[in-house]
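Dumping the structure here so I can ask a few things about it.
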């Protein structure tokens, strides 16, 4: 892999041991990819959280992150980050850690971790949706982000350029401002590979989740072009679509002519590519996908409702409030809504959190049950409006899962019973 | 039985041999494996419940979350990592994951390894030269 | 103007008096424009703040807003909004109202106003940059936003569709979910009209401000296409460019091939249009623009530094912190940084506010001096890194203004003297 | 002197006549006018300091902030609004502003009113029929 003079200098240790170890990691990674060179980035989204087990094993944040965040056997002392960097979602809400089965000790470690990150200059966004709380990359901007749903969003909707990175590559990028010039950083790799003809009406967030899950499952990690969308999606719908596609498969980029940043037309979407495959999504495929997503559910006695995957926007919170105002959750049902802290702050200012609390629910921040591997104590059957959460949480916690609309989830919370249908 | 020799590209160097665990499907890291036990936990996966620890993992590629590398990194720290990785699809997830798992890894083979290799076959992976040697069981 | 059945029903009062009056306003407005019809919107950004004089004149929020926000002589009682709606920037920071020359009475009115808005379901973003705090419209989405810098941003960078609305049209849209289908809602009106060839290096936020101001002044309210940009701008640079262009002129949309949402090429940008004019921006034009923007400044004794127009992002706050850490503002210089509350909350969490406070500055939220018509008591010479603020605040408060880079503003705060140069 | 008659499009109806205040430049609302005094406060404007209250305002169009309508709305409430508006460029800012100012307004004229009309000329604006009658001073 070709290195520029500034990159060689970092590799030689001229900017200190931490930057050197980070550059070494990036070289190993770039060579594993077969990348020709590195590219500059000013926008890195990563994950630098140490859990109790890791802290016990390594003894300090510097040691934990040397091993786990830049893959270095040599312990380094982390300097301030070199470029704009943010922390993605974390494993717990510091206000409700006890509900995640976490202890005061976990909480104290978390707070110290946040302090460590703040001192490095890492922005404590603590969400899977940085683009909802201030980090909105511009078309063509080279980024280095983790979080599959965020990656697919900024690549497709905003036209930024990132691969789905990991904790070791993102921390290395924070310290160097570099990432391998590979995959979706290269224009020709961003062109469509599969044509998906949509032959049914895609109107609701639930529809978008089903479409995304199906497309992800079929296309896996290529670039689908979604044709014949008749209703302009709102941000939350397209957010959900991408998250679903990135969970069922490994979609990091898609095109919807007229809607995604780089495709004003089918021709823009495919460029010089010929579609490798024509896929149709009609009533039958929609039904099949609904069945797959609800295949982990057998019992209909819902005791847990999870909303906010990806993290809820303020619009989603507002729409939820309109559904729950004046109602009450059934005794024994935990109703948890997840959002970024910034969005939660706004919800508090707007009185929306109170509406959720009066309903018998909680508005949580910083985390989600899949990432934190937690669920309400004793809960066995979840209802969620997220295809992604429905895909992951059963794997993580053994819980049964029903996927449906937000309204169906609210109804389940009020009655204690899943009645969702297509 | 004769050996089958596949040629591909180095991802991570090193040379090991061991028993294969094969799937034609992609594998999730986050939500797909248990990094403490070295098993596949994706309930919808064809290898659900199987243990990959100490096996030559032959698969289509990586899917899902960016926690892919982190999970395999943890698996290595818990000594339940695969012995080697042989895969078809290169993505940043799988490349980074292979690097931090620190096991020989090969891709871009002249034949689809998920079709040529079966679970239980004995496989030698020469990462440095991109050679995969298969002795059928 | 053609009205659909649901629109006729609203006009006939079938959804109540408030919706009827709002629809009447929209019909007057649509006819004034010569619009053929109305279009649906689910995303409205408006301004519903009553000041003391207005409250004294009208007596209640309902009465103030009936006159000033839907242009109705008949007082109505405002129901909850029908579609996703947010409040733009306000005239004061509730925590520092005294520094804006506001009283406890003003503060109390403000808090009641916020409560009134919250009860309507209007999202209290209180910023000129909703796209930095969760409202990030999708390409093709019909919006109804105020705030010239926000309008130009979402039209150009994100590919959403809005005209530069006013308080009367936005409140009407909140109540009806409608806005005239005119101007930038119509695809052909979004095509470029003027070609701007950039013949000098545009790298910094200061450069982008100069380019924007020049382009706005020349092009006024048409659609410029900016060609030959060699460095991909970050969000804050392009935010500044649009704000400057919308202040010097009335730019509501521009294209930069490869960067703005609808232009992958010059051809995309112009479509069937031939450029009406070729404009060049070179060293000479840059110098001229710098002179114009600094023409209100004579004295070099700076006593006020204003940063955050448009509202600062967390990246801008972080970059600022790197410039000021360990330094101190000169006695007598007020150093005010403006951001959305959500961004400020994050700055607090990250320890960035403390760095600003230790420097001797303040991080303010919800407002800006131009909108609130305030400046630090007794201050006469301002330094700002914003072309827009430099354009407006002298008109608003009579203050002298120097425009330069953020670093130059920091230096002025530390020395008390403007030393900026091109 | 003879009259000059210009034909255009109705923006807001009504019929008034009065003295013209003319500029070839665009006018800002927010930061461009003082809605209490009815004056132009943009320091870089050719009409800086001039009072538009009670005048037939003839200008290129609206520029700058979306507070345009709000400022002219305030001016009306303070009884310092222009008598009528005649302009070249229609934008949402100027259309909304004209509507809430509630004065006769005409645009899309068959001649550029900023060239035909001079400050001080006597102008009759028939908004309903889109007619502007100019008696030179």
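Every chain is named by a letter (A, B, C and D) in the order it is written, and numbering of its residues begins at 1.
Criterion: contacts are C-beta pairs under 8 Å (C-beta built on N, C-alpha and C of every residue); 3 or more make two chains touch, one makes a residue touch a chain.
Quantities reported herein were computed from a predicted structural model and do not represent experimental measurements.
Engineer: Using the contact definition stated above, find the chains touching both chain B and chain D.
Structural biologist: none
Engineer: Can you compute the centre-to-centre distance for chain A and chain B, using the mean CA position of each chain? Integer Å is fine.
Structural biologist: From the centre of chain A to the centre of chain B is 25 Å.
Engineer: If you average the Cα atoms of chain B and of chain C to get two centres, how far apart are those centres in Å?
Structural biologist: The mean C-alpha positions of chain B and chain C differ by 52 Å.
Engineer: Every touching chain pair, please?
Structural biologist: Contact pairs between chains: A-B, A-C, C-D.
Engineer: Could you list, by residue number, the parts of chain D that touch chain C in their complex?
Structural biologist: Within the complex, chain D touches chain C at residues 9, 11-12, 26, 28, 30-32, 41-44, 60-70, 73-74, 77, 89-93, 95-100, 105.
Engineer: Can you list the chain A residues touching chain B in their complex?
Structural biologist: Per the stated touch rule, the residues are 25, 28-29, 32-34, 47, 57, 67-68, 71, 145-148, 151, 163-169, 180, 182-183, 220-221, 246-247, 249-250, 252, 292, 295-296, 370-371, 391-392, 394-396.
Engineer: Would you tell me which residues of chain A are touching chain C in their complex?
Structural biologist: Interface residues on the chain A side: 42-43, 84, 114, 118-119, 121, 123-125, 131-142, 157-159, 232-235, 238, 258-262, 264, 268, 313-315, 318, 321-322, 341-343, 345-346, 349-351.
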